[in-house]
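Going in written order, the chains are labelled A, B, C and D, and every chain counts its residues from 1.
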């Protein structure tokens, strides 16, 4: 296969800079992380979006957060059907193996996935309804959220659906027996956030997502 | 549902620090990112592992990388079966909608997912073979890689399998028609990397993964 | 000497966050603290352990607590032998110069120093008996406490020794003439606490440590 | 012994607030910290001064920093004489047992201990020269630093001596064989800081303390 290319030079250059500074000055820590394994305190599920990096917002360094990123920070319901569920695998590894103490679902404003879901569910994106659309089928996870926002004034629906992307995921997380057990035993706590890219603000779910407050 | 908790205070404190510095000093850029949408140059597929943050290694800022993170940085083969494929959705969105120019698959050493796959395929982890194991089923994607390393001396197998996790993913990427088309037209280039946590080094696949060289 | 390195970047980032928030919003107070000097109400002697920060537990702000932290929150007996006694110097400064009104000794559960002392005194850690072991020699301070717990059922000894680490220290504090005088004149009161990391509880010594009650 | 008193009510009240909030919301994390033990990334040696809390400045949570605090953040030279050396015990425990990757010595401006040392060394505090003065004997550790600043203009001497309190400690740290070995093998890096209480700034030693730069 002749399909792999060398990295663009600017990335090589930056990598060498990182190696000579951040790595060189902290090599003892990286060695310990390699030898002793990771012991992250929290798992974060956030969006692939290039504008939202949770490590920046929370000043996190190597070893702190176990991070799964997918389109629209969605978690599907528990489905032990023997199929490949990448998100479920990540949650299982974090909760059952690493035993993280926190699981944070962080959505964001201006989410392309959520906007696509809204267009699809409101009949404006037939191409996403096709069986072959991976984005469409993935956003099906959020359909129950659309049902809860579709009666709102139209200009509020997308914003509300961004919050539903967090709450639907948290509801689905609770359908995993190992998540439910860890939550009920007090070993794990769940957190729901939406980051506003434009304003730099952070909204936090309260009362099961019925209220959202600024952090 | 009463399952959402407030964030730990130390994360709130750090967030406010970010808001008052990184955000405040760059709010014009965040506003443009929000209003104009993202236009990332590259997609990165990397592992959830808390010790490997691609934004650090490549000094990436908001807006540069569209990042999908899952266990062991795996991409399943193209399967337009109407099921939920989170990784495929992320790839579709990045390549077909955002039209990124680079798609980088970055693996790493000391990967718990790869070690689990090796244990499973070599008969030492029967619990991962069970239908209900999400991690096991997810790591099935890497079975073809195990077949290629199982004849190596035993102490080289896991290291080789970490590289296979990258190459199997790149091979699977080429089964997606829109990826293949973009690669063949020259709009997209694929890159395979393995990051060594302990040494801080970066290995790059050459010649279709037959050779790996230090960057 | 070329032995000093720059701080890891994540600490620099977090520091700038603190400067832009906590400091910026309270700079008048920090200026007064700098210009007028400290006037703490209490001295706290607690352990170095990374899991026990007395400022968090008591919501303390800058200026409130004068804090000495050493292994196992120990105070040696008064020994004006001209040698270097860091703990005694801290106590002298707090009581004789700053004239704090409270002196709190706070131990904690799961203390590595106490566990080491128990192992040493019960003959299971010969390496700590060596003259060159700084931890061993430091834990010698707690030997009188071991004598008082060694007849208890074995599974209660370590827990009891954690409390003895507090009471031995308080007894030793009373051998300092300036402490004794301040206590007897009513200018200073002593307090003994043990913090349970797992349960988040706080136990308080009563009746000279003969009884411990939940706060 | 009737020398222990109940805590002042305001501290009890604050503690109950902490228990109902920070602890309650993070009890899973505290349980893990108790059951799995601490694995701090860094040791910090700082002053007892009530105005300087390193956990605040660096947004650190439970489990991150192993903290020794004494008068003027001093480390005596290695002296395996079988005496009680609390600071040496803390350093030994952090470096040899916990294997921290960073050791940060953080001094500060307006340090009463440093000012006392300057007064003593310049002949203005005969009471500190007495054998029975614990503060005086402790500050003897900084005498070599005074020798290096005594020729400076008088109004610069105390400020320079605050920096020497950091550098003398780092030099003394290097006399401990286990520190030296860890530094030379790259397992441990040393850092020297001075925090300016009034300005909220942070100065960092470069080039072995010959230059100090703002972080």
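By definition in this document, a residue touches a chain if its C-beta (ideal position, glycine included) is under 8 Å from a C-beta of that chain, and two chains touch if they have at least 3 such contacts.
These are the chains along with the protein names UniProt gives them: A, B, C, D = Carbonic anhydrase.
Keep in mind it's a predicted model, so treat the numbers as computed, not measured.
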{"item": "Shared chain contacts [subunit B and subunit D, defined touch]", "value": "A, C"}
{"item": "Remotest chain, subunit C as reference, centres from CA atoms", "value": "B"}
{"item": "Pair joined by more contacting C-beta pairs (B-C or C-D)", "value": "C-D"}
{"item": "Distance from the mean Cα position of subunit D to that of subunit C, given in whole angstrom", "value": "14"}
{"item": "Distance from the mean Cα position of subunit D to that of subunit A, given in whole angstrom", "value": "39"}
{"item": "Approximate Å spacing (C-alpha centroids) for the pair subunit B, subunit C", "value": "46"}
{"item": "Multi-partner residues of subunit D (at least 2 other chains)", "value": "22, 25-27, 29, 31, 59, 63, 102, 189"}
{"item": "Graph class of chain-chain contacts, one of line, ring, star, complete, other", "value": "complete"}
{"item": "Parts of subunit B lying in touch with subunit C, wherever the complex brings them together", "value": "13-14, 16-18, 20-22, 24"}
{"item": "In the complex with subunit A, residue positions of subunit D that touch it", "value": "25-29, 31-32, 36, 39, 41, 59, 63, 99, 101-102, 182, 186-189"}
{"item": "Contacting residues of subunit D [partner subunit C, same complex]", "value": "1-8, 11-12, 14-19, 22-24, 27, 30-31, 33-35, 37-38, 40, 43, 48-53, 55-59, 62-71, 74, 76, 80-94, 97, 102, 104, 109-110, 112-113, 131-135, 137-141, 167, 170-171, 174, 183, 189-193, 197-198, 200-202, 204-209, 215"}
{"item": "Partner subunit D, residues of subunit B touching it in the complex", "value": "5-6, 8-10, 13-14, 17"}
{"item": "Subunit C-touching residues of subunit A, taken from the complex the two chains share", "value": "21-22, 25-26, 29, 59-61"}
